[in-house]
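Chain lettering (A, B and C) follows the sequence in which the chains are written, and residue indices restart at 1 in each chain.
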Amino acid sequence: MITLASDFGSPYPAAMKGVIRRHTDAELIDVAHDLPRGDPRAAAFWLRFVLPEFPPAVHCAVIDPGVGTDRDALVVRAGSHVLVAPDNGLAMPPARALAREKEQDENIEAFVVDVGEPASETFHGRDVFAPTAARIRTALDDNPAKATPEAVSETLAAMDDLSPATDPVDLVLPDPSVERDDAGDPVAVDGEVLAIDRFGNVVTNVPGELIRGRDWVRINGELTPVAETFGAVDSGDRLVTVGSHGYVECDVNDGRGDGAFDLRPGESVRLVADNVSL
Amino acid sequence: MITLASDFGSPYPAAMKGVIRRHTDAELIDVAHDLPRGDPRAAAFWLRFVLPEFPPAVHCAVIDPGVGTDRDALVVRAGSHVLVAPDNGLAMPPARALAREKEQDENIEAFVVDVGEPASETFHGRDVFAPTAARIRTALDDNPAKATPEAVSETLAAMDDLSPATDPVDLVLPDPSVERDDAGDPVAVDGEVLAIDRFGNVVTNVPGELIRGRDWVRINGELTPVAETFGAVDSGDRLVTVGSHGYVECDVNDGRGDGAFDLRPGESVRLVADNVSL
Amino acid sequence: MITLASDFGSPYPAAMKGVIRRHTDAELIDVAHDLPRGDPRAAAFWLRFVLPEFPPAVHCAVIDPGVGTDRDALVVRAGSHVLVAPDNGLAMPPARALAREKEQDENIEAFVVDVGEPASETFHGRDVFAPTAARIRTALDDNPAKATPEAVSETLAAMDDLSPATDPVDLVLPDPSVERDDAGDPVAVDGEVLAIDRFGNVVTNVPGELIRGRDWVRINGELTPVAETFGAVDSGDRLVTVGSHGYVECDVNDGRGDGAFDLRPGESVRLVADNVSL
């Protein structure tokens, strides 16, 4: 199995699939091709959420604002999974989630791909990442002992065009800091915007359970209703909700949360408990 | 084969596919993941249109505004097909279309899933419906006599976590009422809005043949041109057309029909023949 | 393998897949279902770009503004590939790319499908093109010598419902004309708009290398910055860039290029070199 993720929209991923089919009949599963454009951090967030649901697979993730520069093409083994991605850090948060071990670092290895001269400067998804994923998939499928981290590691080590990465870019999705009262209940959280989705919803790194049961919270000082659904507030009104990924989102019903809350990826979000009804 | 339908957008369905791949290698086919949000009635309409094209399969359909409440998870057998869906009625119209027998009720059985304690309150697509669909698919594939309604019924009856549903929610998509003249030609139709698609097009329950050959109809009193394509009217103008589903739609070229016609799902639409040219 | 392309959006392609699954278990790969609506020329452009990446396959492409008229359903063999499409010319440019031989015309054959009476007037994707693609796929898979142009040709010739097309519609994607200076460097290009994508980006037939290294070009007289990314200009500003397809695009950051440049498919675009900085 090869999973595919990108910010390419359509029909570019089909070109990647065509290239892969020239190498292998392995199953292809789309993760998403509408990830936020040129945003490795958002991709890291979403892949950390989705990829751990899969059994061991090769995951090809191309969110690549540096295409055409000399950034490396990276292969990362995480447990029995393999990620193929540009060396911009996006592979690392999902790799840590996939490694799922206490000694995560020992369960993660990174390789640089010797890409030679790609056919294009602009479409490495087709010309570099897809064929690399296909060759790795084929090598793994040719190895009779393909189910263990050790076997995957050996397979990758034996591939001619891979060499150990000395200093791969890392991208750490930050944890929020939580202030609690004497009873241990959270009273304030300093978090960060991880991603803006294509509807303008602002996804933070604040776990949803920190606002569960509350009617209102202050978001960067502004009192905002907590709601389970967009329809709980009037069209154009702001709300705070918990997305299916489990994190707090700052949204607007029928509008864009990024504009209304004036928030961009990487910016700070302070949530303060407030049960005062307006 | 397992088909998947939801209002999840992206990349949530990939998490469901990952979960299913931990259970079975059965083929996965997406029906749609951009169904109208939280609208079981619209989902019922679209699934009734699409699912009968498939050979016998397991269909996992998650449009679930009640997620996190105590609504049941339902399994419905319809002929040799199986639907897995929240118990909000969405499964019933496609089930009747799939049963395709005169004695439909005898060809439809409903079961409640014993879901235990799901891993999340918000993502039962991943935590309840996908694994249920996967387990049913596996059980059917393990049954050598898997092609008949009887064999499917036996397989489901033998599953530990399914018990007969005593009173599943039904959702009946209404038929329009048609007034005809002495020659039997339709002169007026009282219909209903079944769905608003994401472009704002208003899909009614009025069969397209009732307006075929006409140049104009009155929609709730307003004279509106009948056109085969949006481009037949100016940008921003209203039109009536027949969608590929075969039903009458109330649309606006480069705009939203729901706003222009002031129509919402469940509301009444009266079409009156009018060949007077303006 | 059967690839699928259309302008149907969702969930119509799933109905096509259901129909195909009643005939064959062949793998289904989506090329795109959000191709510009009713625009065979844009479809031809995108399919010419994507399909040559695939190994030999059956490609079912339904962009069909003439659905319900008496336009033919066409089957085109191009090398070992087969295209199934309405006879509006969209199949020809990708066919020529797939044939990939010097004597292309000898490597391309066209057949008309005897479609009988289709089940609907509006959804030939489901009622004509999908079952035709499925039957061809089955016939090819039943032919033990299926990998060569000759074997594909024989298989098609032996099918009862196909007869040679006497005069299939062709659609030629034009090449731009390039004026060069004495050193052979391009100074002006007369091109044409091939497609407008759904973001309003204007895709021309001008190869990207003609603007590589330039900071500014005149587009139909208007001085416009050349940029690698949308973000290189302010929100709402115009830019010229090279898309991943390798052609020059006229775009607006956070806006629509078709409106700003006042360009529609088929219209002329004149690019003149201009290195004067503003």
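One rule holds in what follows: a residue touches a chain if its C-beta (ideal position, glycine included) is under 8 Å from a C-beta of that chain, and two chains touch if they have at least 3 such contacts.
A quick note: this is a predicted structure, and the numbers were derived from the prediction, not measured.
Colleague: Given that chain B and chain C are copies of one sequence and touch, is their interface built from the same residue numbers on both sides (over half shared) or different ones?
Modeller: Shared-number fraction below one half, so different.
Colleague: Using just the Cα atoms, superpose chain A onto chain C and tell me the rotation angle to the nearest 5°.
Modeller: Best-fit rotation on C-alpha atoms: 120 degrees.
Colleague: Nearest whole angstrom, what separates the Cα centre of chain B from the Cα centre of chain C?
Modeller: 32
Colleague: Return the residues of chain C touching two or more other chains; collapse runs of consecutive numbers into ranges.
Modeller: none
Colleague: Touching residues of chain C toward chain B in the complex: what are they?
Modeller: 8, 10-12, 14-19, 21-22, 25, 28, 38, 65, 68, 120, 122-123, 125-126
Colleague: Using the touch rule from the top, collect the residues of chain B that touch chain C in their complex.
Modeller: So the residues of chain B touching chain C come out as 1, 3, 5, 27, 29-35, 46, 49-55, 57, 208, 228-229, 231, 242-244, 246.
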